[in-house]
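Both complexes shown next keep chain A, but they swap its partner, so chain B is in the first and chain C is in the second.
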Partner chain A sequence: MASERRYDPVTGQYTTGHQWDGIEELSTPLPRWWVISLVVCFIIAIIYAFLYPAWPTTKTYYTGLLGWTSHSELAEYQTEARAGQAHWREQIAANTVGDIAASDDLRTFAVAGGKALFNENCAGCHGIGAGGQQGQFPSLIDDDWLWGGTLDDIYQTVTHGIRNTDESSRQSEMPSFKDMMSEEEIAATAKFVLAMSDTSVSAETRNAMPGAELYTNNCAGCHGAEGEGMRMMGVPALADQIWLYGETEEAIRNQIVRPKMGSMPAWGGRLGDDAVKMLSVYVHSLGGGEK
Partner chain B sequence: MHTHASTALGHASAQRAPRTGTPHAATGRFRQVKTALTVFLLGLYYIVPWVRWTRGGESSQAVMFDASAQRFYFFGLEFWPHDLPLLLGLLIFSAAALFFVTSLFGRVWCGFACPQTVWTDLFFAIDRRVDRMLGRDHPLGQWAKTGVHVVVAIFTGFTFAGFFTNIVELGPQFISGQASIVAYVTVGVLTFTTYTLAAHARENVCLHMCPWPRFQAALLDPESLVVTYQNWRGEPRARARVPLRPEIATLDSSAYIMPRVATASVAGSSAATTYRGDCIDCGKCVSSCPTRIDIREGLQLGCIGCGLCIDACNTVMERIGRPHGLINMAPELSSVGGCAGKSGRIRLFRAKPMFFASIMMVTGSAMAWALATRSDVNAAVEHQRQPPFVKLSDGSIRNDYTLRFSRLGVHDSNVEIRVEGLDGAAIRLSNSAQASFTQGARRSFSDRVMVTVPKGSVPKVRVPIAFVITDRETRAPVARLETYFWGPGGVR
Partner chain C sequence: MNHALIEKSVALLFMLTFIVISIGGLVQIVPLFKIATTVPPVEGMRPYTPLEQLGRNIYTREGCYTCHSQMIRPFRDEVERYGHYSIPAESMYDHPFLWGSKRTGPDLARVGGKYSNAWQLAHLVNPQSVVPVSIMPSYAFLKNKPLQYDDIDLHLNALRSVGVPYSDEMLEKARADIEAQATGQGDTDDLLKRYPKARLGDFDANPSEITEMDALIAYLQILGALVDFSEPGAANATPAK
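Let's turn to the complex of A and B:
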């Protein structure tokens, strides 16, 4: 059986020395580099199992010598990202909203950051494109503002919110005229209010309407003699073409009887001042921003 | 047919070790071309990153892939990511050119221009030079070779990194540890691959790793010029002292086609074992082959078509006073006395090469046209769909768009936007009452553009409009972007 190992000239290999009926077995070992790679892989796997979390225990798991977790890695990336933005964030913190909007670079940064913040925090009510929702939440991209559309107004509104428990929150309330006016009077007032925004109705015709006097006596105090509204108190303009709660007579009657008034949380405490600044600059950039 | 004469070398070639190290040097025409091409290509590689080019008034690198800015500079040309189709065209053209050359001349790419061949050839040259200087068996020989190999490999890796960053600054940064990690990794990887592939793997890359040899057979036709051992002339092989076959004694040089008279005598010379052919079995063709094959076994996968065996054999033929061309570039069929074309001549206009040439023509001209008419402006406008339109307090309707604008070149662009196809439309940018802006050179501009139409002229439904961007200085139109304006009625 066993014989001498010999060189086989045909294949260029050595034989194993095994021989059966003259048939010899060639020795073709795995290449040395292959074997070494395999062994190295095993060694690396063992080291890895000690360094990284690899084994479950009954209640928890072995955390590894390096203490690595995917959470800590994420935190690391976030810290890194924040460090990269630090230069900009410092400037956001140091400047007023007006200064931020006036600087091209800062505005670009604030608008980008503001957009992300808006989609995360505001879009739920105001919509992804800030177009609002008819009957509930005002549009932020038109030029009609309840509480003012300058940067400072927006900043104030976002920081403290509207009709909430924040001490500096915007506060106002429209009374219900259900018990103060008769149904006919309410209907007449609604007709007059609708006519105020109808540019095809002349001032003479409008002032001759039965609702004119009712409006002057009951509504003009807040909504203004010409229906221009009062932003100090969040009183909507009635003479414009934008009707948050509907532009039908019925909708206006409902509003006189059971006034709807929106509220908004105060974001200053939740998001921090820097975020609110960026949000304000972003909202201001959407088309309705006033100087 | 002839039987192979049994010689000592016949066995020796079967017993060759897997790696023979550096092949013997050959001298001749092919060697000269190969050396010239190697020097030229290596020179191109090592020198090009150092060439400077004045761009935008400042000196910068003539050829650079600026990965972070996503720009590719090639002398006076500048490419942006949206020029990527040009790269596709270039790749198709290159592939067709490679196929074309292969169908005419066999694997000249492999033999002369492939980076693996070029660097391996350089490393062979280093090995031979070291052997000449120190002697073949010098104990420090391998150390000296490895040392030079590593230096060349590092320099190669460094140069590669230099195509992606400013190579003038990279040197000092690299040595002082200031370079980016990416630069170190790039240099490290390229150094490693250069050293491994050119100093160790060498011909094994061609034989075992490269996919290209596997389908080259599909590209050849019977008239392709390939390195061919002229069987009819060389066989049977024997020592030089064995007398030459009488029918080939009067051959003139350069004949790669078997003379008619020879054909007749070969066919009837079955008892010619006492004579020999032109091959004296010196083994020079094998020992000079960079892929260590025996070309006398016919065209094979391992042959990279470099022609060094031709040079080696011609040198020997000269020495024994026989005409050149026992091994030559010839159609494969010529080796056994066949001839390819009808007239025995090689036609240039053949189906395969012309097919590949036509692909080259089409892609080449398409690319040239695309490059010549390439717009230097990349502008796009996107209508804001949330909400599609905004009603303003005076009843006018506004649509918002996102405009992206970038322009090649080194100068700031001062441009103005107008709206076409919409009566009474006013246009402005988000942060100003105007519709003009300056886009800084090498930056791209992006902003919200607002188009407002007064109540009286608001279109009921969606209407097509166009943004026209003009240069404020030259008044020349720069771009025209078509989009829609949405009226309150929506799409009809």
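Let's turn to the complex of A and C:
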């Protein structure tokens, strides 16, 4: 098989000296550009290994001449980005939500930032545009507030949340009336509650209903004599036509028997105070904000 | 050495190849055994509660990791959206880790506490009901599948054998811990002593039964919630020099 290398005049190259049944193999060298590229790659790799963290050592690892880490690079980017907004962020930090909303410039900045934060963090429940979802999560664009719609109320709610493990979270619990009232009484109460928001039913007719007294004895303490609700305790108003958990008699009966109560995470620790301020101003600006 | 010699002797070729590969392997592997800890310890990390661990098994079984990553990379866009970047200690009790490599849905490394249990339930039952643009399939069936936890101590024991520090007490009380966490009743103080920050309560709005939904939501609600990053130095993510 093996024989002498010989010069091949047709291609101008030498052969490898191998031949099989008279067929010979050319020993064409690798293209020069390719060899140069390879060598350059080796050189770059060696330089890289000195500049950047590349090698483990027996106790820790070699950190590289540049001292680069992805974490410090991130910190630099963050600092740079924050610096561009520093003028506004400092004022957000220094002012109360009321002052932020009162200043045109600051409010514009807060609403823009708040909107981005809202879409990422709040829209899951309250929906893009804050329309809420009936049966689950309240709308934030109307003026029917469970826990209050002033800037300070919203700020408090967003910071500490509702019915969670945060120490300052808003807390309240509606008891189940399953064992306290009979089924007929519950049905009568539900009928009365529905009538409270029905403008076609006069007060006299309503007060003559069998559920009227039951309501006064069992529900009025929290929901108010006229169904006006109690924001201190997050008690919903019953005299309006906005129903979170459904507007049918059956839904109201279910709520008396097995009350649903929403829970909201505390955002203060997760997003930071500045972000919560911006969010509060944004939510307040959606239409239902109160003075 | 003459190249032809290596090419003609298989034994020699094999030996030399083995030596070259060994050098490459040893350089990478040996130092890992020597480093006192490749995972810098942080405050707050604890093994999963038995209920969370079973939820994690369901997460793995259903292949959630094929669409959701659990790894916030140290890039500005990710940190702005998801929160602090993931640090090694946060997956120290994951066997195997579920970092994932593809995001059809969002990253879940810090989804714990981001939504209420009611949201997680509504979303798993019908994702489009809360996120209209979602393409996630429904996992409503989890709500109807009773959670199997007779063998939970064996699960924990298996994890202990690969280095998760479950104590004898944790193994012994694993069943009771599952019931306490999924109902919010029973000896919850004891549970919280063993597993601080555990979320308690009926996760699937069905107090009469402990289902796979309870376990999965309990797991989702603890993801990324154990380390308190508001503490300065909490994320000191480089090994001690």
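Definition applied: the second predicted complex is superposed on the first by the 212 of 291 C-alpha atoms of A that agree within 3 Å, B and C clash if a C-alpha of one lies under 4 Å from a C-alpha of the other, contacts with A are read in each partner's own complex, and residues count from 1 in each chain.
By definition in this document, contacts are C-beta pairs under 8 Å (C-beta built on N, C-alpha and C of every residue); 3 or more make two chains touch, one makes a residue touch a chain.
Because the structure is predicted, anything quoted here is derived from the model rather than measured.
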| item | value |
| --- | --- |
| Contacts of A:Q136 with chain B and chain C, given as first, second, both or neither | second |
| First, second, both or neither for A:L146, with chain B first and chain C second | neither |
| Chain B versus chain C as contact partner of A:G124, first or second or both or neither | second |
| Touching partner for A:G287 - first (chain B), second (chain C), both, neither | first |
| Dominant toucher of chain A (residue count), chain B or chain C | C |
| Partner chain in contact with A:G269 - chain B first, chain C second, else both or neither | second |
| Touching partner for A:P9 - first (chain B), second (chain C), both, neither | first |
| Touched partner set for A:Y77, first chain B, second chain C, both or neither | second |
| Residue ranges of chain A in contact with chain B within the complex | 9-10, 12, 101, 107, 127-129, 131, 139, 141-144, 199, 237, 240-242, 285-287 |
| Interface residues, chain A side, partner chain C - complex | 55-61, 69-71, 73-74, 77-78, 81, 120-121, 124-125, 133, 136-137, 164-165, 262-265, 269-270 |
| Partner chain A, residues of chain B touching it in the complex | 11, 14-15, 17-18, 384-387, 390-395, 398, 400, 430-431, 448, 450, 455 |
| Residues of chain C defined as touching chain A within the complex | 27-28, 31-32, 34-36, 73-76, 79, 81, 83, 85, 113-119, 122-123, 129-131, 199, 228, 230, 237-241 |
